[in-house]
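The structure appears right after this line, and notes come after that.
By letter and in written order, the chains are A, B and C; residue numbering begins at 1 in each of them.
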Amino acid sequence: MKYLDKSIKEINELLKNKTIKPIDLVEEAFEKIEKNKDLNAYITLNKEQALKDAKELENIEVDNILFGLPIAVKDNIVTKDLLTTCASHILDNFTPIYDATVVEKLKEHHMIIIGKTNMDEFAMGSSSRTSYFGAPKNPWNKEKIAGGSSGGSATTIAAHDVLFALGSDTGGSIRQPASYCGIVGMKPTYGRVSRYGLVAFASSLDQIGPMTRNVYENAILLNAIVASDEKDLTSARKEKEDFTRLIGEQIRGMKIAVPNYFMSDIVDINIREKIEEIIKLLEQKGAVVDYIDVKYLENAVTLYQIIAMGEASSNLARFDGIRYGHAKENPESITDLYYGTRQEGFGQEVKRRIMVGSYLLSGENAKTYYNKALSIRDDMKKALEKVFEKYDLIIGPTTTTTAYNLTDSMDDPRKSFMDDVLVIPVNMAGLPGLNIPVGFSKDKMPIGMQIIGNAFEEAKMYKLASFIEKELNLDLNPFGGEKND
Amino acid sequence: MKDKLSKEEVMHVAELAKIKISEEEVEKYQVELKQLLNDVEKINDVKGYDEDILIAPWTDKTSLRKDERGIMLQPKEVLENAPRHSGNYIEVPVVISEGEGA
Amino acid sequence: MTNYIPTIGVEVHVELKTKTKIFSNSINGYGEMANSLTNVVDLGYPGTLPTLNEEVLNLAIKAATVLNCKIRRQMHFDRKNYFYPDNPKNYQITQFDTPIGYDGYVEIEVDGKTKKIEIEEMHIEEDTCKSTHRGTKTLLDFNRAGVPLIEIVTKPCMESSKEAKLYLEKLKELLFYCDISDCKMEEGSMRADANVSIRKSESDPFGTKCEIKNIGSISNVGLSIEKEIIRQQALLERGETFKEQTRRYDDKLGDTVLMRVKETGNDYRYFPEPDIPYLYVTDERIERVKEDIPMLPNERRKKYMDLGVSELNANKLVQNRSLSDYFNTLLEEKINFKIASNLLLGDIAAYLNKHEKNIENTTLTKERFIDLINNVDDGTLTSKNLKDILDTVLDNNLSIKEIIKESGIKNITDDGAIREIIIKIINDNPESVKDYKDGKDRAIKFLMGQVMKETKGSANPKIANEILTSELNK
């Protein structure tokens, strides 16, 4: 009964000719999740409702390729009647009375929400270890981190529990865990996917995206969740398009840029070597690859720290124990309610970031830090856009190292930012970025490559990614199952 | 560069963020917050940019909603989610002075 | 005691008259059951985002136009961050950097002179929720959360409580007239804060400013400013200094009381709202909004008085927007406007009040009203007649002529008959005739009264007046 290891086209055929029913897929997913329980990929399982949904689908015509397929949703995306905690104590009793727009999209496509995945608290972190519910583990080596903040989504995909997951990416939170776990993860262009119902961390950076085993399935899921949404003023008003349309095309003549900074000594030598191999391959296949300098890339983390923490301090102010969520018991005063609720409800990383963010916006600091960051951000976006006047895509490593040990120190508050040094620039400029597995380190941990496109050129990124995927034909099942294609 | 914030500075940011911190935590934050703030200082080394700002990488201008009524919550739904309520109201400990309201 | 010069600036919050809230599509309403007019956006639930109500933009442009403001063409919103239980997100979406209107003014008449009250800026923002304090608890009703507001800020350019009151009255009149707001201070749809400082001479810098928050009526604005000036004078006279502070006006006490001292400037941690992209105002939109602006009160008053309406009646008419609008439909007609205004503000207004009706809900079409005015003007209808038939005129479609006929009004229009009565009255009142001859105007009024009494109000007053004058002059 290993239907979930088949391609989605095959599964779709089986559903259409009634060889299997959606409930077979759902039951198989829960069996796998149960077996991989130690990975701690999920905060909440939606078992009862998922089985019910699957049953109901039996009366409905198979109307699209995602029909009846189980999907895992990151726990900062609100789901009606299903606990949504953001991996925080402050929301561990929060059952939303509304769906995120992306969740509505999944339901329209008759996908089945299997559960809510583990993550860094409020998506703040790079290893998912700031979760109130403990960290998820990397299926390739359970001693290692899955990355973050969408660590649970990356884990469950890498473990082949399900085919589809949603993550969110504020400063690399889809691409970085995708890289550590050896899966495909896409952060679409800012505005591609509605943010309505994504619990905001940094509003100008956040974007929901698909996390999958392979490139084709990734593009299919993106097809399903992209929509301009009148509930989100920042959602882009764009025509519908098929993101799979360029998959399978040759890459001859493609012009690709590699920023020198991405290949500098901040990156582990083994990872650089792996990327260089890929560059050689692309050149052999007729692509033109140039090493270039891109201004401001090395400043991206500083800008990110100011903007993300500043916005977060404001976005997380609403968690005050008054309207919903955790509240301090028997508060003596309104001050006690605020201070106590937030002391009890937030973890260390979140507290640190909110405090620093509040400081950066206070008094004169708004000018000296925040406004300056917005100015440099504008120039950085322009510098990146300039690259795309000449080049189709930018590539480089996704991370500076492979996944490190779960037991590594968490004492340095800067570490979580530095892990994301290569993935943050994309969010600053609102561009799409994708991780694709390109090989393994000596200790058998996945290495990922990042592909960055110009705004709204995700289809072109999928084209290059699927070409590489096919050329490499890596075995990406950590438990040595059947190969996917 | 200093390697830690003063206790008063930590208490000030904690107050801005409305987070209670214990004695032991103050010491920890004196160092940790300073580490982050030192990082952030690097922005002053960046040169050569112009004054234009980017608030967010928006694609379109703001679209406007028609002034038409939508679906609202039942008072019951509002109250069920609130940790404390009485009657049809959400309840908080008394707020002494009438505040900074709009 | 030294004479101090007060300097006063006023900030007014006005709730806009829209169907829905500014950033969500729940109802903008007042007086409903607590927490029945909200949705997840108003309550600041996680993951929710604002949308922007088009009507808010239109009304803000309208307000900026009538307040003679320049209108900004590209704007963003900002977040004002502060923790308060009435502030659901613990930040308020407002306009800090780029207010929609700026550099405007409102003209007031002070002691016969026109003074321009300068408007620094006006911006769009969201209202907070309503809190009620009960013993050890504060109760929150989020119906008001997200109601659209404009805040209008004057320069510190007023020098007396009188000017501040006149400014507020004018502001209220303008905003109410243009359907921008109800401007009901008692319901909180208009709220005023006053900034007061005093100094000895024009050449001195401004004195320390105290802000009086949330004053509940225009008269209290006046009272609180006066009390505050006295308080500050007394302190300065005693050689005391004071810090910038926020106070409120206590109605029972009849004085301002301290709320809090501003130790340092408020730290609102403003930053640009990333959830709302740039908002643009086009020429077309401004033109469309302008078409919607009615004739303003000052212009109306002037027009009415030019047509012969008394100043008192002109003012009364302007205060009643619906009667004034009705009156405006007559402006091109050749009628006696004095009579028209008397009728509208007198018997007709009384009828409307009694029946709780608007003039539009009566049967008094423009044509019938003109007919009525002319019948009064030529004396066919006396004021007594009018009282008798008014109900019929206002709830019936019959022509005035038919109504007069059916009501059996038989006014004495026969010259001979009236002359006979007049001669009798002249003979009975030799004293009055003497008074008349001596040039006392009162006499003719008295004699006319006697004529009407004698004829039980049925003599055509115009004819009677003519005959009486001619008989007296014989």
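Everything below uses one rule, namely that a residue touches a chain if its C-beta (ideal position, glycine included) is under 8 Å from a C-beta of that chain, and two chains touch if they have at least 3 such contacts.
What you are looking at is a predicted structure, and each value in this text was computed from that prediction instead of being measured.
**Student:** Taking every chain's C-alpha mean, which one sits closest to the mean of all protein C-alpha atoms?
**Tutor:** B
**Student:** By mean C-alpha position, what chain is farthest away from subunit C?
**Tutor:** In terms of C-alpha centroids, the chain at the greatest distance from subunit C is A.
**Student:** Report the inter-centroid distance (CA atoms only) between subunit A and subunit C in whole Å.
**Tutor:** 56
**Student:** At what distance in angstrom does the C-alpha mean of subunit B lie from that of subunit A?
**Tutor:** Chain centres of subunit A and subunit B, defined by C-alpha means, are spaced 24 Å apart.
**Student:** Between subunit B and subunit C, what is the separation of their C-alpha centroids in Å?
**Tutor:** Measuring from centre to centre gives 40 Å for this pair.
**Student:** For subunit B, what residues touch not just one other chain but two or more?
**Tutor:** 16, 18, 53, 55-56, 58, 60, 62-63, 65, 73, 78, 90, 92-95
**Student:** Give me the residues of subunit C that touch two or more other chains.
**Tutor:** Those would be 40, 43, 51-52, 83, 85, 138, 140, 267, 269, 272, 274, 276-277.
**Student:** Going by the touch rule set out above, which residues of subunit A reach two or more other chains?
**Tutor:** Counting only residues that touch two or more other chains, subunit A contributes 94, 97, 203-204, 230, 233-234, 313, 317, 320, 322-324, 334, 338, 358, 362, 374.
**Student:** Applying the document's contact rule, which stretches of subunit C touch subunit B when the two form their complex?
**Tutor:** Against subunit B, the touching part of subunit C is residues 13, 18-20, 24-27, 33-40, 43, 51-57, 76, 82-87, 92, 125-128, 131-142, 149, 151, 213-214, 248, 259-260, 266-267, 269, 272-274, 276-280.
**Student:** Can you tell me which positions in subunit B touch subunit A when the two form their complex?
**Tutor:** Touching subunit A: residues 12-14, 16-21, 29, 32-33, 35-37, 39-40, 42-44, 46, 48-60, 62-63, 65, 73, 77-78, 81-84, 90, 92-95 of subunit B.
**Student:** Quick check: in the complex, which residue numbers of subunit C touch subunit A?
**Tutor:** Interface residues on subunit C, with respect to subunit A: 40, 43-52, 79, 81, 83, 85, 88-91, 138, 140, 265, 267, 269-272, 274-277.
**Student:** Which stretch or stretches of subunit B touch subunit C in the complex?
**Tutor:** It is residues 16, 18, 53, 55-56, 58, 60-75, 78-79, 86-95, 97-102 of subunit B that touch subunit C.
**Student:** Considering only the defined contacts, which subunit A positions touch subunit B in the complex?
**Tutor:** Interface residues on subunit A, with respect to subunit B: 94, 97, 189-191, 203-204, 230, 233-234, 236-238, 295-296, 299, 301-303, 305-306, 309, 313, 317, 320-327, 331-334, 336-340, 342-343, 346, 351-352, 354-360, 362, 368-369, 371-379, 381, 412-414, 417, 429-431, 455-456.
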